[in-house]
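These are the structures, in structure tokens.
Okay, so chain A shows up in both of these, paired with chain B first and chain C after.
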Partner chain A sequence: MKSRSLSTLSLIIRHEARILVRDRTLPLVCCVLALMVGYGLFVGLAQATLRDRMVAQVAKHEQETQRANTGTLQSVLAGKSALVPFSNPANPAALAGTLAGRFATIPNAPLAALAIGQSDMMPNYYRISYLSKVQFMYDTEIENPWNLLSGHFDLAFVIVFVLPLLVTTLGYNLLSAEREHGTLRMLCSQPLSVPTLLTGKIVVRMLALLAIAIPLPLIVVLLIRPETRGVEQLLLMLSWSALITAYTLFWFAVAALVNATGLSSSANALIMVALWTTFVLILPVTMNLVVGLVSPAPSRTELASRTRVATAESLREFESLYSADYRYASDPEALLVKGERIEVPSRMRAFFLAKQRVDEKIEPLLERFDRQLLQQQRLVDRLSLLSPAILVNEALNSIAGTDSRRFVAFKDQTEAFHNKWRQYFSPRILESRAMTAQDLSSLPQWHWIEIPASETSWSIWWRTALMLALAFMVGGAALARSSRSNRIAV
Partner chain B sequence: MFAIIAAKDMRELARDGRLLWAGGLILVLLLVALAAGWNRQVQLNNERSAGQALDYDAWLHQGYRHPHDAAEQGMHVFKPEPPLGVFDPGIGPFVGSTVWLQAHRQSEVKFRPAQDATGLQRFGELSPAWLLQVLVPLLIIVIGFNSMSGERERGTLRQLLSLGVPARSLLLGKAAALASCAGVLIAPVGVGFAAFLVARLPAGERLDVVYRISWLAAGYGLYLGLFVFLTLAVSALVRSSRAALVILLGFWVAATLIAPRTASEAVNLLYPTPSRLAFDDHLSHDIAGAASKAWAAHFGARTQWDPSLPLSKWGAALKVDDAAGYGALDENFGGLWDTFERQQRAQEWVGLVAPVVALRGFSMGLAGTDFSQHRDFSTAAETQRRKIQDIVSEDLIKHADPLGNAHFTYKAGPELWASVPPFKYQLPSVSFALAHHWGSLALLAVLFCLSVALAHYALSRPLMR
Partner chain C sequence: MLDAIAVTKQFGAKRALDNVSLNVLPGEIYCLLGANGAGKTTLVNLFLNFLQPTSGSLQIGMIDVVRHPLETKRLLAYIPEQVTLYGVLSGLENLAFFSSLAIGERLPRPRLLELLEAAGLPRQAADDRVATYSKGMRQKVGIAIALAKNAKALLLDEPTSGLDPSAANEFSELLVKASNDGVAVLTTTHDLFHAKQTGTRLGIMKHGRLVEELRSEDVSHADLEALYLKHMKS
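Here is the complex of A and B:
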């Protein structure tokens, strides 16, 4: 019995494949998909390369500054050149500022080309100095806001938005066309169940779509980006494939369920488009509104006001340092390194201390922004159960390492590094200790610590599992309904 | 005759489930979007005007201080939300609203709302404009795809033609039915909200907003009208309802979903945006170049902060330095913003095949939430910053420079702070928006006429094939 139904299934699959190729639907749809996947991948690769290049440029910039500073320091220590306070690397207050040319950078995750996510909006480097966090943590990458609004045509877009539409094109008339052509009656007169027929039809279409959507990007990425060849990355690719399979299966299951209602092809197409619009367009946009209402971000206006108050207070606190006499222009000798000491101009000391004080005061508020964003993210995780599009989009972004979580982690680590940077300089500035050549080579170093892979893979696999469960549920309902319904063939 | 046709079609549509469900959903979303948008805007505007008043107050009462340190504290200015931002937030989520005017550098507008939001923001913002641009055309397609082909399939077209109904009446009647269905959904909410909005505004701003609303109505009218006639044309041209539906949905997906993204990718290749690093480097380089030239000309010093320059010229030097930087700032930021505007103008040509792109630019422009108006605000904020800087430097020259090394012991008082005027920003008027966006409106009008012509052609061909 089982082998017979299997052989019927394979018969249907072969027959269906032949028809779909002959009437050119399948080749056409596959071509469209291949084009879009290819273009999406191209866009993703271009963006990833751009960001790679930026990180490399920043690193180069940092090294060059380091070299220049070392050279200048030698000549300063040898007493060859007297410098203005701002550009003297022996002066710790100058080096703590932009003179050191330090950056915190976040490298692309190996699979970054698969989804652009938030990476076009969040900065992938911060310039580290003693400046207050409000002054440097909000520098964003330059991008035309219009383009940010339109969004990118990346692979994630093709998968989340376009793939379901192609499924709809292939699947809206699975049974209804047979009925409208009058062939469903004939088929039902054969020893063949409607669920088997439906399964066979879906298998052909799904395999054709997946044969393009999954291997094409993976092969290209594996060829172009050698860093994707590790075990961890291969596992991520596996989860990526599973996710896309589950998402495609879900939409085919929906198509099957719609077909099992026994309506006309036009009605089916309308229902499919309505469902697509609801899941992919309306729900995410509405959820975005809901998240903003339920868990609103703190007020940026308040942050600005608090910053002003904190700045004013710190100006008052270090008043005497700010208004001390300034004799370095007329007396450059004062700037020379004497023994291991250097006179740090009071105004520069005041800048350092004042910024530090501002941060101490507004830090709690800044933390509230980060906490709120994480809370919003948790809410999104829960709400994503309502729309497969959100679910898949979130998972695709975490696979590519372009989700908000990774950027929030980058921000956190940068803030910690910024504090460390200050702590390193604080005693030196207060005690007027001159920077030595050895100090210069042992400045605090930035290291990005990647989010633990276990955390990412957990968040990806539960989404994939959920997507699969959803697909099987809908699919099961469709098969059950199609086997029960007697009206289908009429 | 055309009224009878329209009435008959409307009755049919009203009895059909499609309009009821889809229309009901759109109506609910429209109301939710308006309520949420209005709530948000009132809150933001209150917060910002209060914040700005407090900020200026603090500036006035900052006590005795060295003017350069006062410029360090600086001033915050906030971008007011335009009244029609509720209708179309435009690029709002992706640009900031707060500028901290400080000494030395052009401050950028910071705090993009999208940075405080999750990745969901990238799916889009639920706004009335989004609904009208994306979902209402879909509604028109869904209720109208079989309006001609259905008649043919049911055999009623034969009877209709045998009565001697002219093609023009048929077209107008069908179009009127579709348009009224969309109108019934939008118009009451639209008119009600417009009245509410205008009534809440101060009398001086009302006229401008009324003009803006009328132009918006014209733009959206053309856009939705385009979809009405296109739907009718396709429905009359193709053989079956199914084919009409597939073609129209395909067009809708390509035009409203895929085209905007493809367009913005394409123009990025055409007019590349510089990276932050490259931009900053270029700017610093230009400023340094301009400054050294100015220093050489004024003081004969080779570098900035040259030891040969005594502190008794510090105020004067600051003034020269700033003035030299203004040119470089204008050039660099101007260049960047020109690139953005070029990118947008280039995209508007995509409007020829994807009308939503043309409409989006027009809608944002008239709502006051497009880039040109953001640029206007940024420029105004920068002008204010320069005003502060110039006043401060002038005062330093007068009072601090004579003190020599004790330059920084000088403290200015309330009279100096009061000489800096409060930041008053007037939103640009409707003519500013029209000057930037008349092209998009013209494009929409042309497209509308083309769709009418296509529908006319489709219906004047022999309908019984």
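Here is the complex of A and C:
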């Protein structure tokens, strides 16, 4: 009996494929999807390449600066050059500022082309200096995470927004068209159950869409970006495929449930569009409002005001140092390295100390900001259960490494590196110790530490499992309803 | 073979079938007559399990239709008033699909052509798209599907409606042939002439009730017409 059911299912699948190809619906929808997937992938690849170039240019600039500083330092130590203090690499305050040209960079994750996510909103490098971190890390808009997700026509957009519309195009009239054409009576007079018919219809449509949406981007990224060929990346690709399958299945299950109600094709189409609008547009916007209300975004105005106050207080605190002389202007000899020491102009020392003090004063506020952002992210995580679109978008960004967690980790690591940078220079500036060639070659180095794969996998797989559970739940309800409702054929 | 036992079907306040019992034996052609809305199609829909009875039961080959719908459909072939097929497929492809669905195996092309020919479809039309077929030609593909199934019972819902006299006559001949092969045929019709000519038993329905049942050989054309009109007017 089971083999009979399977052969019936296979018959329905073959029959459906033939009908859809003959009436040109499937080729048309597949062409549209292929074009959109191609364009979305192109946008993602272009964005990833741009960011790769930025990081490479920054690294090149860092190397060139290092070489230039080494040459200048040798010249200064040999007494050949007399420089202004700001461009003297022997001066630790100058080097700690912008002269060293050190950068913190976040490389693209290997699968970055699959979803732009927040990568075009968040910086992928910071210039490290002794300046207050407020000046170089918080100069971009602070925004709730979901706001940052919108606005790209990338592959994730095609999957989250467009794919359900194509599923609707192929699935709004799964049963209703058969009923309206009269063929459903012919079909149901045969030993064929409506659930088998529905399943066969869904399988063929789903396979057609997935045959384009999944292999095409994966083959392209595997060919173009060699870093995607590792085991870890292949596992991520597997989870990406599972996620898209689950999401597509969910929308087909919704289409099946709508069809199982026995309404007309036009009513089904309206219901499907309403559901798409609700899940993909209204719920995310509502969630955005809820997140903003429950956990408001940190105020930029407050941060700017507090920074100004802290800066003014620090200026007052180190007033005496700021007002010190410009002796080196009339006495260039004052800037020469004497033994292991160099005169760090008091104004530069004041600047270093004042910026450090601003960070100390502003730290509690920044911690509160970070807590608020974290709260928002948690809220987004929880509320994402309400909308499959958000659930999938978040997981797609995690797979591509363009989610907020990776950028938060980048910010945390940059902060830690910034502190390390200051700690390295602090004794040298305060004790007026001249930089040596050895010091220059052993400056703190930036190393990006990737988020543990286990953490990313967990955030992806629970979303995929939830999506699958949702799809099976809705699909199960659709099949149960269609098997109970005999009137479906009348 | 086809048994309706005290079947009642209620649609809200409207009673479409009221305690109807009938039985069609193998080799019998049972013609159900009645005005529009008398409940004939409802009874056919109940045998097909498209509807479920409010009370009573329906059996095909002693198997309950509601409890075992797939099993009963294996014994049954159905030809509606409008045989609707897939317009983008040819008659042969439609037959191949529906016959595979019915019997669980794909018949070879020569056998499919043979069935279409037996149903009266010209061989040269077999590979044309059904969208280009006339109603009569679609009806013949429907008959071929029923023939392929080799069903024990045949349900027909006004099958000759809209057919030209020659096609209707051919159709009647096929029904007689099927009944001679031991198939139980239940057909609804408004055509008293064909009912008398092909039916072995006749039933007249009115307002959901089976008001008259008689053997075809016991009445003349004129008597049948008079009896029918008497029931319709009363």
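In the analysis below, the second predicted complex is superposed on the first by the 477 of 490 C-alpha atoms of A that agree within 3 Å, B and C clash if a C-alpha of one lies under 4 Å from a C-alpha of the other, contacts with A are read in each partner's own complex, and residues count from 1 in each chain.
Basically, contacts are C-beta pairs under 8 Å (C-beta built on N, C-alpha and C of every residue); 3 or more make two chains touch, one makes a residue touch a chain.
Remember, it's a predicted structure, so these values are computed and weren't measured experimentally.
By the touch criterion defined above, A:M121 reaches chain B but does not reach chain C.
Of the two partner chains, chain B is the only one touched by A:L289; chain C is not.
Of the two partner chains placed by superposition, A:G475 touches none, neither chain B nor chain C.
After superposition on the shared chain, chain A has more residues touched by B, the comparison being chain B against chain C. In the superposition on chain A, A:T307 makes contact with chain B only, not with chain C. Using the contact criterion defined above for the overlaid structures, shared-chain residue A:P195 touches neither chain B nor chain C, since it reaches no partner. In the overlay built on the shared chain, the residue A:P345 is in contact with neither chain B nor chain C. Residues 43, 50, 54, 57-58, 61, 82, 84, 86, 117-118, 121-123, 125, 134, 138-153, 157, 161-162, 165, 169, 265-266, 269-270, 273-274, 277, 281-282, 284-289, 291-293, 297, 299-305, 307-309, 311-312, 315-316, 322-327, 329-330, 332, 347, 369, 372-373, 376-377, 380, 389-390, 393-394, 397, 403-404 of chain A are the ones that touch chain B when the two sit in their complex.
Interface residues of chain A facing chain C in the complex, by the touch rule stated above, are 4, 7-8, 11, 15, 18-19, 22-23, 181-183, 185-193, 486-487, 489-490.
Those residues of chain C lying in contact with chain A across their complex are 45, 48-52, 69-71, 73-74, 76-78, 80, 82-86, 88-89, 93, 97-98, 100-102, 104, 142, 145, 155.
Interface residues of chain B, counted against chain A in their complex, comprise 18, 22, 25, 29, 32-33, 36, 44, 47-48, 50-51, 54-55, 58, 62-63, 65-66, 69, 72-74, 76, 78, 90-91, 93-98, 100, 108, 110-126, 130, 134-135, 138, 142, 146, 241-242, 245-246, 249, 253, 257-258, 260-265, 268, 273-277, 279, 304-305, 307, 309-311, 314, 336, 339-340, 343-344, 347, 371, 374, 404-409, 411.
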